[in-house]
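Here come two complexes built around chain A, the first alongside chain B, the second alongside chain C.
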Partner chain A sequence: MITDIDIAIIGAGPAGCNAALIAAEYNLSVVMLDEQASPGGQVWREKSRAILNAPRTPESVAGGLIRNAISQSNVSHLGGVRVWHIERSEDAFVIHYENAGVSCFLNCRSLVIATGAREYVQPIPGWTLPGVLGMAAATSIFKQDLIPIGSKMVVSGTGPLVFFVAAEQQRLGGKISAVVTSNTFLDWMKALPAMLFRPRLLFRGLRWIIALYVNRIPVYWGHTVTRVEGKSSVSRVEFKKIRKDWTPQGEPKFIDCDCVSMGSGLIPAFEPFQLVGISLEHNSDLGGWVPKQELDGRTNVDGCFICGDGAGIRGSLAAETHGKLAGLSAVAFLGAKISHPIEKLRREHAKATSFGEAMSKLSIPRPGLTKLTTAQTVVCRCEGVTRAEIEEEISLGAQSTISVKSGVRAGMGLCGGKFCQTAITDLIAKAKSCPVNEIVPPTARPPLRPVSVNTLAGDFNYSDLPISKPAPL
Partner chain B sequence: MGCASALQMAEGGMKPIVLDQGDIGQGASGVNAGTLSLQIKRVKLMPYAIRGHQEWESMGDDVGFKKTGGYTLAFTDHEAELLHERMSLKAEAGAPIEFVSNSVLREAEPNLADRVVAASYCAEDGYANSSLTGQFYRARLKQQGVQYRENFKLLSVEACNDGYVIRSANTAVKAKKLLFSAGAWLKSLSALMGVELPVRARINTVSITERLPMLTRSVIGHATGLLTLKQKANGTLLIGGGWQGHGTPEQGRGQIDTDSLRSNLALARHVLPAIKDARILRSWTGFEANVPDFYPLAGKLPGYEDVFVLGCVRGGYTIGPYIGKLMGDYILERTTELPLFDPGRDFPEAVT
Partner chain C sequence: MFQLAPNHEDDIVRTAKVNFTFDGKSLLAHEGESLAAALMRAKQLHISDAPADGAPRGLFCCMGLCQECVVQVDGKTIESCRLQVSQGLHVSSLRR
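Entry: the complex of A and B
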């Protein structure tokens, strides 16, 4: 087992892979750890190995190239492992991870965190019914299993992902009942200047939308799904027109369907940053709570660098250049002389960022979004806590995410609050009439993912237990 | 403890205000494992612990109180010896502790490991839900009309003609008397008054599992004191035992140590083998303050007539609500039901 290395990279998406590849050019030992078996992350997720052949897509081509590059490089790829804790020691980081049921660790002199984003879904009545899934979740299924989902899908959400999900569902032989998006045509026109720099992506997006119209699939611009209905699974959705601030208004309309893919944008998965000691700050343009960052992925923790959507939602193109820059920062931190043209990379990154930010702007939550969560809507899915219960706790005096969590268990379940904290933060801020950036997320605690007692305890002889002196009588 | 004192003072006609740097009840009392066990209390503190249990019992459902009974287990002859010696003294001090045979233990707790050499039982033992401490005391303070300020980052304390002015960045609070009941932060607080108290902090680790089928009904301990284990009504299992993490109160909330965590969980699995596949959802640390003789600080801050200190109780979660009341009485200049512990006493050389 490798235990002492120069650079560890957590996450093998576009950011992590590029950081690893560039760092490995400097004769340093580079290990890249990732939950998935193959590199690629969410955007370049590899198809299941059971599928021998499949038509190529831009994602599968780019993913194939990066997987090839990694396999031919000096990067040690540790796939199928789960990092559960990161510790700082004097001049190193200790990464604890689960590999096939065994807890292992490695020490690295420098660390690049490229753990990406997670999807935010604003809770609405019925969102916990079987048949409801996130938009990013749908794309994972499409990319990995190459199957459509359900027989009649409604896609509802923001940004380009709505159209990508609809396009992929159709390409794979599935049906779309309707596309509902909070964005208006005008929102998209505003994003146009940034998109002109990426004509191929613009063209691809246009093709998705045109295909919907050609296939006579209704597209509801400036609308949102307000309720999912069904007894034991989804049978139809209620949707409404929304005002400019995304407050639903007007008569409810209905569409029959058996599945709903919905999402309210991406947010950085910030728990690994908290564990390492990187401060967070709030930035709505970048997806909410993001790690404080300096040039080229530097942070307030010496030797720890960040890149990709985890550092703020800028999209996969920017993640690639960000990864390269953060990889080089790690190399420079270890004292090597950089031979890559950093200035040029920074310019490329700035360009990619302006495109990515234009896209994520389409998903920045507006005040009306939270109104979708009714009093009886379950906000914390793991513990089954409704908005009304959370609001009552706040009104009784719980003024922080930690207090709400302690009082009503919202965020204490299996997901550790990853699904509900954004909505809870909004509720507290609303009740206190303060900006949402004053409501800080709860302290992150390991394990980053649930890990079994056997894995954490390992092999053990009772006689080896380090028994300290008994407590004073 | 601060809240319990404040409530007592209010009951006695004073007008207290509670200031907390974070949220109420989110220090040690909000993050510990919630064990209420007379079997892990110090002999001399037993009268306080027994009354502490009565306090928790009267708080009842609002704090998730459950009197389940508790077993302490020994797995080797040496541990059995330790158990007999220690539990006999605690029983003499008034805790209703008895020794039980393996068959009695097995009948009550069939899922425990079958390698137990000796076991003691205390029917008074149980637990409360420490997560609810803040919610409970916040409600009581409101109900009694006691003011409180959360997120109050104290910057300075200054003496003025008839008391003290306590300042944060944007507020100032004036009070005739002060009570410091800030747990592991007592050291820095007293230092503001020019008094050095020999307060140290232990960094105790606690872990919680996902919801599991019912495996145990009692609170389970280990002869060495290195394990507490209990299953809540919702099925989650809390694992503690005072295994040490890293960090200092000044730096934040502390971090777990992975070696400690491994030993802690290995011991838990040794005692209750059925948890082997259970997933741990969170492991965290809390600071438990103590002084070198491991007895409470409860009385006047040395050199002051109107500044009081309460903390470092050793079993502070159990005893806190009771000793808080005593402190309230003391500040009200009433006779206390049991004696307090002078913070100005001589301490032995610090040995951990």
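Entry: the complex of A and C
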């Protein structure tokens, strides 16, 4: 394996793939590293080997096209590897990754980070029960394994994903007990102008919603699931109407179910940016902490470019154009003359962004949603830390997620704080009565993903370790 | 014909089923599907116990981040959403 290359791209979703494809047209060595075996990312996730034939979907078609393009290009695709650390040397970036239990590295002159997003799920009582999973989580099971989840599912959340999950669950032969969405019909009407530019997507969305009514599946607009009940798995959910700021109010209602798919929008996976030294800023409209960015994916770190949802949630259409622009920025950084029409790409990107941002706006949690997290709700799933414990630590003086982590271990677990730090930041801001953007962002530390000590240690003989002679007595 | 909400369940062709074990229980899965999906089909939702209070946990993020669906295979810890089932796979949960 060659370890010195021109451009490394981390992430093989719509952004990473497009960055890689365009950069590879300039006679440069391009390596694209990705956690999944096949390119596609979460949105165009490849079907598992167990699926021999299945009806096509817009996602499977788009994914198939990009996988085909990658395999016919000069891009070296390193699939099924996990990047766990990125370092900067004098004139290169060093990417440490795990490949089949072995820790490897490569040096690149330019780096494109296209690591996408993860889901935000507002902690509520019972959300740790088996049978509760994210909405993005459900879609990855649907796309990869093509099976429905549970026998009676409740979908609860924000934005367009709610209806996609409900539609896919039914398409794969599963049942939906109810759809509970924080958005109102009016919220959707307000997003209509932006959606008119994407008539096919608008039509698809409308079809999902009409199908729910035709199949007589209850749809609760302006509601949210407030509690999940069950002993060792889900048996029913409690839900309530919400006010305009999404504060739950009124009488609780109940639905029997055996699984719940819930989510409150996406948040950029900002950890890789921090490792390279890109500063973060808070932008609620883009999903929370986002890297500071300049035109065409440029950052404050020379040679490092960013694109896709990781740079702010704007959706997969914008990720494609952003990926192309960031790929070209990396090429230009290495001194090649750009032959692609950048101005045209920028216009396409602006158009895609306006659609993506309208969808993001529907998904982003409003302040009242934080009230779902009761005092006894587990906020940090890994370490089992409740809101009350975190608030006590804040009242004792913890001003950042880092100090909450050192105090009560919230964010110290195996997920690396990826599923609790947003909620903890909200709690600190609330206690200090200040906007969230005044709270210091969490500090990412390697490893980005769990790596076993065995992998890190690699192959060596203890006898080869240099041990200096003890000092004479 | 145009269908508003098609059901594709019967149009999906899968590989043959293979045997695997989960905590000694013999279960069936389509060869090559993710262990997460196989466990879901077998209604084995309780995959691990929370480190702090031992509360039951299952599949949550399905993208290799949350670490709640981790199991052990051949002494190695791996997320069930990132593991493919093969004939004779022996899986132990981290339940206590």
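Definition applied: the second predicted complex is superposed on the first by the 463 of 473 C-alpha atoms of A that agree within 3 Å, B and C clash if a C-alpha of one lies under 4 Å from a C-alpha of the other, contacts with A are read in each partner's own complex, and residues count from 1 in each chain.
Definition applied: a residue touches a chain if its C-beta (ideal position, glycine included) is under 8 Å from a C-beta of that chain, and two chains touch if they have at least 3 such contacts.
Because the structure is predicted, anything quoted here is derived from the model rather than measured.
Chemist: A:A12 in the overlay: touching chain B, chain C, both, or neither? Say first, second, both or neither.
Modeler: neither
Chemist: Looking at A:Q170, would you say it contacts chain B, chain C, both, or neither? Reply first, second, both or neither.
Modeler: The second partner, chain C, only.
Chemist: In the superposed model, which partner reaches more residues of chain A, chain B or chain C?
Modeler: C
Chemist: Examine A:A136 and indicate which partner it touches, taking first as chain B and second as chain C; both and neither are also allowed.
Modeler: The second partner, chain C, only.
Chemist: Considering only the touch criterion stated at the top, classify A:S232 as touching first (chain B), second (chain C), both, or neither.
Modeler: Only chain C is touched by A:S232; chain B is not.
Chemist: Which partner chains sit in contact with A:A211 here, chain B, chain C, both or neither? Use first/second/both/neither.
Modeler: second
Chemist: Contacts for A:R445 in the overlay, against chain B (first) and chain C (second): which applies, first, second, both or neither?
Modeler: First partner only, chain B.
Chemist: Mind working out whether A:L33 is in touch with chain B, chain C, both or neither, as first, second, both or neither?
Modeler: neither
Chemist: Using the touch definition from the top, say if A:G413 reaches chain B (first), chain C (second), both or neither.
Modeler: In the superposition, A:G413 contacts both chain B and chain C.
Chemist: Considering only touches as defined above, state whether A:A92 meets chain B (first), chain C (second), both or neither.
Modeler: A:A92 sits against neither chain B nor chain C.
Chemist: After overlaying the two complexes on chain A, where does the chain B footprint on chain A coincide with the chain C footprint?
Modeler: 413-414, 450, 452
Chemist: How about chain B: which of its residues touch chain A in the complex?
Modeler: The touching residues are 22-23, 25-26, 30, 40, 42-43, 75, 82, 86, 89, 131-135, 138-139, 142, 150-151, 209-210, 224-226, 242, 253, 255-256, 258, 261-263, 265-270, 275-284, 294, 314.
Chemist: Which of the residues in chain A come into contact with chain B in the complex?
Modeler: Within the complex, chain A touches chain B at residues 85, 87, 94, 96, 103, 105, 393, 396-400, 402-403, 405-407, 409, 412-414, 416, 443, 445-447, 450-454, 456-458, 460, 462, 465-468, 470-473.
Chemist: Residues of chain C touching chain A in their complex?
Modeler: Residues in contact with chain A: 4-9, 11-15, 29-34, 36-37, 40-41, 45-47, 50-53, 55-68, 70, 76-77, 81, 84-85.
Chemist: So in the complex, which bits of chain A are touching chain C?
Modeler: Within the complex, chain A contacts chain C at residues 35, 42, 48-55, 82, 101, 118-119, 128-134, 136-138, 140-141, 144-147, 149-150, 167, 170-173, 207-208, 210-211, 214-215, 232-233, 378, 381-385, 413-415, 418-419, 449-450, 452.
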